[in-house]
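Next come the structures, one after another.
There are two complexes below, and they share chain A, which is joined by chain B in the first and by chain C in the second.
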Partner chain A sequence: MALSTLTRQVGVAPLRPAKTFSPTARAWLFLSPAMLFLGVLIAASLLVLRMSVGTKGAEWSGFSLASYAQLLEPYYLKSLLLTLRLALVSALIAVLLAIPVGYCMSRLQSPLLRRVFLAAVLLPLLVNLLLQSYGWLVILGPGGMVNQALMGLGLIDRPVMLLYNQTGVLMGLVQTAFPLAVLPIASAMRGVSRSYEEAAATLGASRAQVFRQVVLPMSLPGIITGATLVFAYNASSFVVLLLLGGRRVPMLAVMVHDQIAPLMNWPAASAAGVVLIVTTLAIMTFSEFVTGRRRRILEASQ
Partner chain B sequence: MSEHDFSRRTFIKTVGVASVAAAALSFPFIKASAGDMKFHGKTLRLLTWSDDTGLAALRNIAATFEAKTGAKVIADRTGSTSEMVAKLKAGGDRPQYDIITLAGVGAEGLASAGLLEKPDLNRIPNLRDVPAQYQTGADGHGIGYLLWCNSLIYSTRTVKEAPDSYAALWDKDMAPNIFLPPPNWTEAMDLIIIAAKLAGGDAHNVEPGFKLLEKLKDRVITLGENPNQIAELFRTGSLDMGGLYAPAFFPKQIRDPSYGLGATFGMKEGFYTDLMLSVMPKHRPGDTDLAYAFIDHSLDPLVQGKMAEDIFNGPVNAKAIISAEARKSPYILTPEQISEKAIMHDNAFLATVHDQWIRRYTEIFSS
Partner chain C sequence: MSSPLKSLLRAAAPLPGETGRFAMGLSGFILLLAVLPILSMIVMSFSGASNLDFPPASYSLQWYKAAWNTFVSPDASDVLSLGQALTTSLLVATLSMLFATLVAVPAAYALVRCEFRGKAVALQLMSLPLVFPMVVLGLALLLIFDNLPFQLSTSRLVIAHVILALPFVVKNCTAAMLSIGNEVEEAAQMLGASPLRAIVDVVVPLMRSGILAGMLLAFIISFNEFTVTYFLYNIDVMTVPIWMYSRTVSSLDPTVFSFAVLIVLIDFALIWALEKLVGDGGVSF
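So, the complex of A and B:
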């Protein structure tokens, strides 16, 4: 009796309602916000594609390939080549600068130091692009620190123009995209086990040899990824061109801008945009192919 | 507590009365009358520029219109004419704006897309004082409300006397470092025509002009897309001269001696102007009478004079009232100066050559 007051009979646990969604459906449901977002982006790209085969004044109803034919003229081809060249050179310079930084980051033991380093590298991504470009003006501009120093030393009478040309644009492109090169390289280098370096050192390799013959080849996928990201980012750069190029470096993004304002030629601007996207995607695909191949070789060797 | 409330209310009232009085003092030329208040409570939606000209339009046109009529002006400000065109096109058959103030090239684009209503000129009484060439644009779809006037800009530190001809741009001793307008601006098209004329050609024979422009390449520091940057280059002593460029870009810097910035309209060849227009979209949301009243107000002689004095835009109203003090300024254009020396470019002709000229100009000055 006493026991019955202390313990209470527990009824049969209610059955859970039958699962209404299969695991696959739930996975799709989980992905749906991201898919929706991507869908909007893809739709926008497709609209640009549609507009590129329209005609001026009849962007949605007309059909013509004239805008693409126009891009074959030397004026636009030169611009496309300049775009690819500056994007490529900036990617190479950014990667060369990022390799030692990435290596340092990957080998730092102190978590605090690693965070400080990461924050310093990420700074260009955190600071507004416009402000960064103005930063360059403060340093290299006609009234900037370098010119002030040179004039203060009596080496020049009037400011030297370090900006408003391709060199100025290149510096801006490298600086603004630098974190995109450092992060994948540091990540790849962190993945290279120290035991390989130790083994190479034990076998008599110098530190330079270890870096050149062990760390670099094993980090190659990260290096290529970094270069690809910088290339893609800089191929469509616009703000840096306007502020540091003084409108004298006619990369394709500027041509797109010119077609919209003041020419109001949306099909021509869209066609130039599509060509830029396709060219960048082609180069990224090639890079992904090379990276994938390299990764497979590395995995096989391990 | 009640005493505290009373004090606060009294304070708010006092501030309110003081603000209204201050506003009235700032706009002594506004004369409200009972008849003017028929638009009280109505709303007009305006799209204008985000730069100093747009701000001046809000101060001198929209605010005074509100004070005069009791209507409310809701202004949206955007960066450029092409953005305005894009906004209106995006609105399709349901535009958000009653009035848009923009450059002629944008108005022409909107008119050709069939998005604009052709205004009835009889409903704009102040137009009678506007010379015929400035009354309308974009095939009658826009009403001229100010002239964007381009000058030669120079450093008052290195150029001792204001240049009196565009040929000064080619004078290396006078101005070693120069800037020019960017290729996508109408100012660049005007510069091409000027160069052509200096070289013996004209707007329909510009090849000599392009050859003359090539001679400037080594001295061109930048093609000035950003007026603030240009002002900064003058301040730091990196530029001696440049143009065509409107002093309306630098109303603050020109008044600040630390920039050493001067501008002149005194070229013997005249100065180029671009007619800025007010347009009314079809199917606009607001009251039509109110839209006409606003356009008419923008042409009021007092308002026109205020705009000219405030940001160095040229008035289109031949009776614009410019104060005696302002008439002494080399940057503030009077209706008489406009009548004598203003050159208005032919937008319809430029539209046919714009693309080709932009290419040539870009190629010449590419680094």
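So, the complex of A and C:
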């Protein structure tokens, strides 16, 4: 009885309407709810693009490149350069710090230590940036941890100004974006099999040599991805600047907001936003190109 | 005489592929620096003084008492009480979590199980919110919502948060689905289940831990979101981070630190649960 049910079912299967869908149509059907939300994102960026060539007062009908021309004025140009410089420096520092941490995370044996490490990496990423900025105020403030320590050591007589300038902002940028560098590096290093390290060590390489000549080159795609993520994230960083920069470090993201809130100049804000998007996309494409080539070379050599 | 000692030393030295003591110490120190802002804020919340000097001159629970008073009897001067902000935050986070998951599970299925035209584009699109400048997202969504013929209040925050959480949830669901072989689904279909039923009754339950991890991440992201919300909030709809910011624009009072500690504790519990859920595999990002 049960057997005959089974055979009948299998025989019916090819007639099911689901099979008549083309695989592409079926896949996009499954993707459509997610695409609905991503569609909002894309529509929103197109709106920003349209708005950026509008004119103040006639945002939807006017057309002028005045907002972009305004971005070429010395003040805005300086802000663009400052944005790129701080993002680049923070990416370099974050990656340098992330390499040892990523290596340890990829090689840890004890489950408890792994959970503690992962929690310490995830906390700065997931805890509200506002709260972490409060912490930075405690550390960098005039009576804060760093100044007290430096005065205690007799290195300085009066508190040095660490807040509301580029030093404080840079530290904040590195710390908040640090997890974005660690995670891809750790996952790339997990992909480097231990047998390579053992082989190198057997052939007489010292620990430092093994790390520098085997592990680092093989996880380079992850390192580049990490650097790119930090750069992209920090180029448009907003909260850290709002709290630690005190508006005295005019990066692009702050300008986008200032153009809206006090000035109501939507086209200018949009133009600055478009510059941010283009910068991000350019650096992502470049990194994709570099890591893609690197990966092909690695695959060919294995 | 010295040979047992020598062999002991050799046994203690790390093998290739193990982390040396130096690397461990260095990483520990760097991670300590990474969480230092959070730690110092926690210490500060117990300060007995009323300035931000570190270390505090004395320790007391005065700011927790003050914070509690703000919570139970809000000042008339506050535009919105913390209770309302907390309700909004939890509502927005729960809705974002549910929507992001409902949307991400089918998407993950398509990305893992189907070969189709445009897959590369779909994959790129899925990770777009991860690198999209948040300030621009806030600006763009504000443009859209302000030009709609009808008013959205809570839902505009939910839409924004779902977009932000989507890459993380999809990534976790994809990882969970990759670990399930094709054969379970085929077996279910061979036993007479329709393709849809095979997915809902067999594949989805097997993906449980990945889906739960994605849900938790979505909740945490929404609960902690500041930048985009800062562009979109209004007087009626305010989340906890915005409420805290609006309190500290003029001056920083340490009551905020006690609220912050509460939020960090919630976050830490969620992250710890997340890691337990995913086990040794680690969360996928």
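Please note the rule applied: the second predicted complex is superposed on the first by the 268 of 302 C-alpha atoms of A that agree within 3 Å, B and C clash if a C-alpha of one lies under 4 Å from a C-alpha of the other, contacts with A are read in each partner's own complex, and residues count from 1 in each chain.
One rule holds in what follows: a residue touches a chain if its C-beta (ideal position, glycine included) is under 8 Å from a C-beta of that chain, and two chains touch if they have at least 3 such contacts.
Only a predicted model underlies this, so the values are computations on that prediction, with no experimental measurement involved.
Number of chain A residues touched is higher for C, counting chain B against chain C. When the two complexes are overlaid on their common chain A, residue A:Ile260 makes contact with chain B and with chain C alike. Touch criterion not met for A:Met189: it reaches neither chain B nor chain C.
Within the superposed three-chain model, A:Gly143 lies in touch with chain B and with chain C [touch as defined at top].
In the superposition on chain A, contact is made by A:Leu130 with chain C only, not with chain B.
Of the two partner chains placed by superposition, only chain C is touched by A:Val239; chain B is not.
By the touch criterion defined above, A:Pro250 lies against chain B but remains apart from chain C after alignment on the C-alpha atoms of chain A. Using the contact criterion defined above for the overlaid structures, shared-chain residue A:Tyr103 touches chain C, although it does not reach chain B.
When both complexes are overlaid on chain A, the residue A:Ile224 reaches neither chain B nor chain C.
137, 141, 143, 257, 260 are the residues of chain A that lie in the contact sets of both chain B and chain C, per the superposition on chain A. Listing the residues of chain B that touch chain A in their complex gives 80-83, 85-86, 105-106, 109, 112-113, 176-177, 182-186, 220-226, 229, 232-233, 235-238, 354-355, 358-359, 362-363, 365-367.
Within the complex, the chain C residues that touch chain A are 15-20, 23-24, 26-27, 30-41, 43-44, 51-55, 102-104, 106-107, 109-111, 114-119, 122, 125-126, 128-137, 139-144, 159, 162-163, 166, 170, 189-192, 194-196, 217, 220-221, 224-227, 230-231, 241, 244-245, 248, 252, 256-257, 260, 263-264, 267-268, 271-272, 274-276, 280, 282-283, 285. Looking at the complex, you find that chain A touches chain C at residues 5-6, 9-10, 13, 16, 18, 23-24, 26-31, 33-38, 40-41, 43-45, 47-48, 51, 97, 100-101, 103-105, 107-109, 111, 114-115, 117-124, 126-139, 141, 143-145, 148, 175, 178-179, 183-184, 187, 194, 197-198, 200-201, 207, 210, 229, 232-233, 235-236, 238-239, 253, 256-257, 260, 266, 269-270, 273, 276-277, 280, 284. For chain A in complex with chain B, the residues that touch the partner chain are 57, 75, 137, 141-143, 158-159, 161, 164-166, 242-243, 245-250, 257-258, 260-265.
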